[in-house]
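Notes follow the structure.
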């Protein structure tokens, strides 16, 4: 059951409001999605830690009324890996920007995926670096403008969901800030998934991406998000769908698969060595 | 035409011989493969630079009678990217170990692939860290022993060829040190490929991987290489082949595709801005 | 110049063009043949946070670049007034966007309908230029000619007409203020 | 002890078990109730490069840990002899694997058929243990009992029998040397 | 520093509005199906007529700044992927 | 420090052997189809009888240490993926 | 009595001091610490993980500390450079954790198997910004054991990352030692009242134990929140720590004096070099020269007070170290003319021999007497 | 006459000095340098690339230099920490290249938009191992322009990475300046005879120009080969560079003296802080206090000789800097008791005001006269 609009007061750290985010920034909608997801799964907030990188997106932990760790640029997953291993009972949600997760943090992203450790990444993809003022990201679509690609980017961009799957993530999904009902549900499902899960959420940065690429203000950008995406059925993308997609990004769950989770495997290793992990 | 066994004297830096590699180490066979490939394509050795990371594999540049850059652990591709962009006429071959390329260097690997910059990676995969004495690598098969996984590794391993494709590499192949004829040919083809190319070569480390996993000395390890691989036809792996593979790694060319190369795109960018790149 | 060095502080919320305004003012001072330093300060917020831009103008080389006690203050928003607006040198001039009073009833300074004037010109973003015009009309911090030239130099061509109008409107607004500070 | 401190240098090529031999020797000295420091040095090559292992034994606390001029030298390979084998303190003892002579005709020291002895025991890898036995038989650097115990402590059980045999063969080899150094 | 929130009620339903968190982005205004939202002079949100509110919760879902809270369990009244 | 290489000839063909680079790994010995390679006391490669050499080049291809060089254009005499 | 290696001593000491988390990345000459921990931890239910690089190893250590673990990592020069950003983060977030750096010949890849003391200044200043650093050195297998244990204690007491510096010789050296008993500092669980402030003087409370702490590398105050706190709060926290360490200076400055009584020429050294210096002192004393040794085990916070005490009574201080002249800089700064100070550096991967040090000390004294100038 | 920002001045100076390669990663407050280069380079056919992080940005710069480019990057604290390994590599491989670091409040993420001088020691000692460093500072838009140009010259002349330190205020500050003409140091193509040795005193020869150089971060000698050369060769190369810089000290030590003549209390400062210090000097002189300023633009190699000259004539030196006390350490070491030296540090993201500095100078003089002790 959807529960958008419910009282999220206890999930939000009131004393940190208002947020630093710009008017109309999609990041607040994603943050709300995380809070809603935590509410949906009935999380014990004392046992939740939200770990963020550096970037506008990385500020999310400050606004969650949970344990909060605002780490360094790109490394949130490495911090989260240590945290989760040291205290596997914690629910650990990692919020990272596209630059944070895929540029400087790309390595930790693929390695955490490879290990299939039970962390949930919410990847805020606004196609640009927001915090530092609009430079290009590995997600900036070829041809798009940013302050470091004033003539349009000449670089192909990553598809985070393809990369995550190739690296070994066992739950991989994409949503947008337009999809306010599905997005929190996907996050909730990702958190429940026992393994490494990634939910990429396409977000709007009206201040930089929108302005530099003449996409209008936040309301117009939400429309633009809708127009460039296409919901697809759960499961691996069949080739035919890829054809239909032309110019659109699929949204939905691309992979949901149970494989042995890292802390569980570590528990077995300790047992085999005669030890009790996290007694 | 195969040309194994030809006189490679001018391709090898005589004063650096003998190599530091252990008796029977596969890395020398790969180095010979690179020299043979350079011979096959008739490279002007003054215009070739072999860039290595740190590791046993990273020592290769010392033995090539070309320009040689022995860089830092994991970052060879980043150095090579700068080098290639500054002087695009150079032929740049990058030799990295599996740890070098996929552990500490994983991020540069996926980003160089994404850019499709005309570099050729020869990835020496010996399933372990050789130089530092036998610790596990992201390629160490689950269950295998290393000095840091004395009870067997609990981590799933990367498939470098899958990762390279997901990241955007346009030439992706795998060979082994057993396949002494095909391997240099694949490397030659990769060097000729105008874009980012990866040839993963399965190699033997008798000193550590072989010893710790009781696989015998070098001659036995070559057999083991043969037994765990299966040549497949060029092109994307059809599902059916995957079934056949059970427990074996496919060898061959998995992707060979022409997409705009990075320095070519950069040349266009400069032209659009009224400049002449690398005049 | 009212004083040498003359220290000016512009402040407002991110997105109001405070830094650009400071730059234009500094450029005008340069064209007046003076030494000038312009500095700026803003928080992590790209928009909405209080930000300031300071300009020091002098006939001599300027050592310390920041403004401790401004001679002239121009303030566009509530958050900026609360953070930066209350400091002013003795005998200094404080100019405030009039709507600040609604939020801060005890705000001290000359209230000016900057936003209203900009809106009447059709674009509230011209607020900063209106403010500059008023500031210069009231204080003669720089010459109007230099300010016009600086504006032409720094502004995007597509907004040129709007900005020229805004500047002149600002000049008129400043002239209309009863007691010239 | 022949001297206090007693400085011993073992050297050979990577893979010959030099470091392990040094460790066993150090452990034996410890069991003799002495202070001991064992250090090692090797190149980038995991195998084949010249490597050395040094042991300082003393009845007192040992300050400087390395060996500058060894009192006892045991050398297993040509490359090691060339790199490390020629330094020895006055009155010191130099023991060399006999095949070194083939490559280095002017090699100075007592030649011993260490490799041959090991091979006769069925495994050339026991070379280092044969060498240790010979060294101790000739120099009495440590007690034989302690050496036997140390060997048992440090060696993998599966090679125990081989190693015990090699040690005893080494003792005999040392005893057979005409002039005990 | 949080100002007290405004609670607007209509029957047993209520909408709480934390006005001082509003940044004036217009997202709620443009997506309110009842068209009862607007921005004031200071670019702050205003609920014009709570009696016309259908309590669909879209304002809350769309607002990036946690300004709105619906006090009772929310039932979606709009189609999935509703008005933007 | 390179020692002079040994050049062994049989007819118009020759095999050059840089013995001091040999590390005694046995790879060539085990793969020589003519069985004419072995290691000496010092674990260095020895070509026992060059007259029986078929100049297939497998020794060179297998040797990780660049010990062998065939002096004339080499034609593969063995099937692909030949003896290991 | 046991014959153990320096690296082994570190691993054993860590385990004895309660370390239950190790994240690392292999590098010569520190690797054996990691390999030991891979064997020690799983049977105890502790966590061992090999990370993808040193950036993530340091990050995982800090994350684990916040998960309640006593966490450590070990590395060498190149990896230590990569860890600097996170050491600064640990300092800023008051995270107790331990970093071991076994120094090898540098710069860059340098001489991976040979010893150096090139990271003395980096261990203090290697991270951007400025902070307070706690750094210990070790010169023997026993002191590697002791200092590692102390590092865990200091990390716990001051809620800071603590660095232990070894070198390639010590890491691989074996000595026979009697390992002393170690009592891990207990962790006090404080009252978590409404007004609990997780930073500043507070005891360390990990996640999941009732307080929903906000941890950030941004400037923040005792609450952890960056909201209103500006740099003033950060500076206040840094200065408070500095003051606390200064107050405790005599307890936390570990050092060993050898023949310091009446010494006219003092060798001030640390780590592996202090061993040659000790032998040099004996040589010099044997020649009738009043030499003495101050072997500093705590190098940061730099014990000015101790060096000044020594300088007051000596004619000259010689600072032998395996670098181009690092610790000699704060020594000169502290001495401030009280006596002559001369550096003695080398960076070629070799240890100083006792005779080389003795020789330099003789030359220093001679220059002293004739009023001549010695390069320094 | 132009009104330009500090960051813009760096970009313009780089272009004027022949920079034709920029690789970087965005970070406040250095980003505009990158953004400017993204506009300047393509029309000139130069290379601009945004890399995936700072590790790779630094690596690409070094790779490009070996491809024959005059290459640079710019960053701020966190990124500067990440670049340390590669700055050491550039030093070891004698690679000419330029690194700009715009200092912001630290440690860690700290105060991204506020100024600091926290990387003064890191710029010298931040990389593992030990090396010789060349580091310049700038205090005005004009000097940012000049020092950037000089950095390219020094990089070329000494074949070393050169660091330019800015700060958040200077990076974003605008001043009106007349930009001086810049002549890039020409690159001499040497004879590439049989016995050409690519390292040591040799001119720099990139790849592809006839010599198949071997570049390595391992210890090596003038040939570049690590084979037989041990650490002795590395130390020899380092010491030779050190000696060359010492010989050229008077030419490469850029500084500005203000009222130094007859000064009894000398403010020794650098970068943005030197501006407040200059105003403080005028205030003090106005009060009849003989104050003067030494504004160091070359901070490394540290100009001991210059500081000693000043110390000989002064009663006291005050070292204001935006950190917990960094450059004051080599100052104290160099002064060695010739006069009193006192630190004046702050690390809260604010500049010192002229009055704060003047006040500290007065207190220092007072302590001097009464023989009292001032914390220092």
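For clarity, chains are labelled A, B, C, D, E, F, G and H in written order, and residue numbers in each chain start from 1.
Basically, a residue touches a chain if its C-beta (ideal position, glycine included) is under 8 Å from a C-beta of that chain, and two chains touch if they have at least 3 such contacts.
All of these numbers come straight from a predicted model, not from anything done at the bench.
Taken together, chain B and chain D share the touching chains F, G.
Annotation of chain B and chain E: jointly contacted by A, touch as defined at the top. Across B-H and B-G, it is B-H that has more C-beta pairs touching. Distance between chain centres (mean CA atoms), chain D to chain H: 53 Å. Chain A and chain E have Cα centroids separated by 26 Å. Mean C-alpha position of chain F lies 57 Å from that of chain H. With touch defined as above, residues shared between interfaces to two or more other chains in chain H number as follows: 42, 52-53, 55, 78, 85, 89, 108-109, 112, 114, 216-218.
Shown for chain F are the residues in touch with two or more other chains, namely 23. For chain D, the set of residues that touch two or more other chains comprises 43-44, 47-48. The set of touching chain pairs reads A-B, A-C, A-E, A-G, A-H, B-D, B-F, B-G, B-H, C-E, C-H, D-F, D-G, G-H, using the touch definition from the header. Listing the residues of chain B that touch chain D in their complex gives 20-23, 56, 59, 130-131, 133, 207-208. Taken in their complex, chain B has these residues touching chain F: 2-9, 12, 14-15, 17-19, 21-29, 31-32, 177-182, 206, 217-219, 222-223, 226.
Of all residues in chain B, only 54, 70, 72-74, 103-104, 106, 129, 131-133, 135-136, 138, 147-151 touch chain G in the complex they form. Interface residues of chain G, counted against chain H in their complex, comprise 55, 76-78, 80-82, 84-85, 88-89, 91-93, 103, 105-111, 114, 116, 118-119, 121-122, 124-132, 216-219, 230-232, 234-235, 238-239, 242, 323-324, 326, 328-338, 341, 346-350.
The touching residues of chain A, when paired with chain B in their complex, are 103-107, 110-111, 114-116, 138, 151, 154-158, 162-163, 165-168, 259, 262, 265-266, 268-269, 272-273.
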